[in-house]
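Quick notes on the structure that follows.
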């Protein structure tokens, strides 16, 4: 055991560098291909814009604007020179809420996706790589979680755990991993058949070592493409849960803005500036992630590339 | 040609639609927002709209006045109390019939009360009104005799619907917990009220009532009342604007404001007998051992500290910003709706938004500012951070606490707002793990039960502030058995004064309910209490009986008391343009469009087979 | 790797036998899998609701259940005083008999509530699913067949935008536009409800009225589902386009539409049908937001009511029905797939 | 003028538009097939022979631009109306595709797939007529007529290829194009399928264009052989002559390769020929075979050689034909 580890540890120093170079080249090639996808580039543009807005929120609008106690705008005031997108029912600037809401929406989307990716990739790798009962059990588990209806579970968990940002992240993370797991599983199964994994097995490399060395790097591109699509779904889910009143009431997200707008009857009061912009932002960000995800899938999946 | 066929086949449908409309029934469509009817069985339901349904279906022994909800004759035409106050004799109106023709007698009244006294599930709703009653008997068809251990000051108010014995005796103790009491087989629910429920089930969204032409109080001016429950404000308000409904209840103050601009609609925020408060942990203990439980901050246990904070609440700002104008600044736990019982603090005692005064009071009580600008406990140790709890399902709750936090920080007190769902907060309160929370109560016409929640005995029961004051309890027990109304009112006011001083609750607002009516169609609705009160969810059924379609509303008569009812809704001109055939034309139009699309797709399929390029 | 087999080498009877065995075991496996999932959901369902915070008796009885005796009576009446294992056993037994408990809020059997509320949801979601399937599949086929064309570009970007849109927000926009009206557009559709309060829904009159009320919610859901279906159909069909058998079909002299409909679409429908059938499983839960926005008294609105109460028994029943629906649809999707695809069927 | 040839291809150019530039797959090919004649087209993968096959029935992908003429019975298929074209497809000329494993629709029974071709080209056929015809066809290719009810996945590779052949003959075409009909089949099966195919074609006296990478197979079956390289015809002549005595160095390499029947590797690079076929997008000019040619010289570089007739019925496109070989070249040839 030890000798093999040493041999794999010492011999391929140059090989490792070669691998790294190959990967860098692959990434470069991928980027070149990605750039040819107009829709993917549009998505990237939109995303960069919103990420900048989220990062620069403190510069763009003071967080004081989120505090109802210091808000002194008119109640549901129409857009004006001072309040570009009008005010909400507490006299806060809708634009400020929108800017700060982007943080929560993106944060929840990314964190939930991270959870989903970690669980999904891990279980997908295990169920794909290991045969026998471990593989079977993890596969069953994936199938079971696949049939849990998302919204009902979210509603139930919210009534069990209470309403908080963390719960939203948890619910989305926990319900969205099975799709990833199945994808990773099928990728792993096909990679496992490939020669170099068999070869590694022949020289007696440990299983986890093989997973880390050979399988994982090869499924990573798929995980990456899948991630962007999952973020889109996670952001949509966050918006929906917040709208149903399951979100954290102390934080402003686009979903919670829409919830408030709906609750105070903004259609009747004609305050379109309160109900339209958050929705448009959600559509744009989700669209951005979806476009990027699709473009990535086509870049990374040769079969899809061939057909278009 | 296909189009013609479709249209032709739809014509009879439209004709049918118009004939159905042609019948000149006066139908009052009510839209209610929020919670629905949870049960039509008066022994089971908890929610406000259920009470409304029972009110139309059944009668009560004693009614409520429109001005201040004081007792008025209803099924009982008169009542008298024995000298020791322990025997009440009610004379029941004769000639009252249930909707199935069976006469309603004193026996039905006694049956209903006894079912509560000796039942299980029945007790949960109504026992509190009969606590201390030893027996209820009906010596003859027009007399009900009620024997008590001690006098009960809340009598004769008894908001228990009188159910027909001949129906309910067949409902066993086991069955009652799922007995629906809904119309079945086309037969309405049996009751003696002014309306009969002909259609509707507990979880449903539509309830249809038909007028009871034989109602002892005179036939209503409405032929039907239909309740429609909405979850979405916009849907309800738009239905009102379009004339699909005639009344909407439970809209926001902002919506009331926008509806007040409509000529055909009259809208208002009716004062409802409820209040919102910031409650403190006044001393959570294990009621069995008397040992403190939970971890309240020592500061909030001190009445002086709590009282000082009363001057740190800018209530007008709260009403304007948090309540969007729907509500009134609050003072005590008995709302001003109940004129007889409400104690209004005199100017020198009344809280005003005065941070300097609050600071001064805190200084006097020993909560001085330390070197870091934060106030300390009298022993000099830091107060730390007060934990303010808000309910996650209520933005009002959260924003009230946000403001409170701000004002506390202005005073040099740190605090933190966290949110809980209502059921979670209940748990937190019972464990005593809080310093303050925001919630509210609905107060009944007799404030006795509300006052009882602040007694020592209610700790770990209905008390949520863990407040306990022997002097208060003594007054409570005294008024509870009082037979002298004037003296009782004085005692109740004194109790409010004690509470105001000890401040387990800082009452922030008296709530209001947004209501709007199509005053181009219906008029003569009177608020309860008059003036300033609500039109719909009242004690009693006055408006359902006395409101009129505008065509008959030249003068709004007052069946009860002379010219008192001046606040009635007046008829306004109509700006109604929606035609009742609109829906059917559009429905038909949609069907036609669907058929055309289907036909178009089929034809396109045929055509594409001709175009055959690759 | 068994391509070597020559015609004469495999006997007919043996061939048939392996085929039947394959189908039977396919079916059996799928049914077993479904039963396994169902058991898992039952366990999840039970324990999820036993770790709930708060005391239902207290929550519901705020201000009313004043004495301990009253509370005890309440707990006893609703079976809250049994030990946990016993509660689980009772739960399994009752669920098997279709008894999902009694709603704390409405005091009627949960099964009755769910059964009653199922129909508005089925009407709403069923209509939308049918419309979305027809339109979505059509758009997907047309787009993929002439991929990169103007039609494809428009329909794909439309589908992607709709896909990125929270469906309830779309519903709100439709209410604002066509329910309330704006500019010179009149609000000709109702903003909520299943039908007008005073019509008999089973009369012709009532049916037209219901149609009128359902236009906006059905449009909303149709657009939401349609986005999914057209994208799925498009990508399934694109997957088929490179296939050799299409070239064969064309070489045979078939018209373009015949090649498309008889060959390409027929094959592309396999994954699409599966996904649509699967989606129907999520139907029960999928309409929660749209029912909320349009005040349609279906299962979704019931669950939101139950959440606000909170009525744990209704939530539990709803969750059970929702997941059972998904499992059933999953099974049906598998069976349909097996039925449509001879490679599985035979 | 006498009767036109069955198939006459003149100066055919096919260019694909790709993301990375125009890809000329076929560059000026001339080819003739007469009735009853079997013509072979040989070449490596990517030499344009499959493109040629699909262009004959105008089945090229949408991104292909085609110029030149493809005359079938004298009528230009490339400019035909769609309706006429459909009539020619299968009834006039049918194709047995490369990779028959996927050329059958997996969700239809094979009987139905054969019947479809029959129905398309003769409307109003009775059900019994069709069934009888299918039975007959399946019988002719040595399959049990019962198999008509089978789905493609229930058949072996050889069986599927036979079904394809049966289907190709269903409408009694005058021309059969067979595009690598035996690739991916087992050696034994390959031989069987080829014999079935050639027997049927000869019996019916129809013309056949047979495409293969395997010169030896073509030499056995065909009357004439055309060798293609990088989209151009480099040699054309009687089958036996081309195989036994190739004029063009590439044909020589193919012939020398003697690929073992069924060896998949042989498809991609004839044994002994170094390097890969050129990328048609980036042709350097001059003889496109020059970079791999053992006899390449400066004279090969300025222009692409024309196809020149060297003997009766034999033509090749190489400027160095007839030049004496240097010893070094000879030894290299020998080595190969």
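First chain written, first letter: the chains are A, B, C and D, and each begins at residue 1.
The rule we apply is simple: a residue touches a chain if its C-beta (ideal position, glycine included) is under 8 Å from a C-beta of that chain, and two chains touch if they have at least 3 such contacts.
Keep in mind it's a predicted model, so treat the numbers as computed, not measured.
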Distance in touch steps, counted as few as possible, from chain A out to chain B: 1
Longest centre-to-centre distance from chain C, chain (CA-based): D
Cα-centroid distance, chain C relative to chain D, in whole angstrom: 51
Separation of mean Cα positions, chain C and chain A [Å, integer]: 24
For chain B paired with chain C, centre-to-centre distance based on mean C-alpha positions, whole Å: 37
Numbers and ranges of chain B residues touching at least 2 other chains: 232, 234, 238, 393, 421, 424, 612-614
Chain D: positions in contact with at least two other chains: 86
Residues within chain C bordering two or more other chains: 53, 175, 180, 250, 255, 292-293, 304, 310
Residues of chain C defined as touching chain D within the complex: 2-7, 10, 12, 15, 19, 243-245, 247-255, 258, 262-263, 266-267, 270, 340-343, 346
In the complex, chain C residues that touch chain A: 33, 36-37, 40-41, 44, 48-49, 51-53, 147, 160-161, 163-166, 168-169, 172-173, 175-176, 180, 238-239, 241-242, 281-282, 284-286, 288-289, 292-293, 303-304, 307, 310, 312, 315, 318-319, 322-323, 325-327, 330
Residue numbers on chain B that touch chain C, as the complex places them: 12-13, 16-17, 20, 27, 29, 35-36, 38-39, 41, 44-46, 120-121, 123-125, 127-128, 177-180, 201-206, 208, 224, 226-232, 234-236, 238-239, 242, 244-245, 393, 421-424, 426-427, 430, 441-442, 449, 453, 458, 461-462, 582-584, 586-588, 590-591, 601, 608-609, 612-614
Contacting residues of chain B [partner chain A, same complex]: 232-234, 237-238, 251-252, 254-255, 257-259, 320-322, 324-325, 390, 392-393, 395, 398-399, 402-403, 405-406, 417-421, 424
Chain C contact footprint on chain A (complex, rising order): 140, 143-144, 147-153, 155-160, 162, 232, 236, 239-240, 243-244, 258, 262, 267-268, 272, 275-276, 279, 282-284, 286-287, 290-291, 306-308
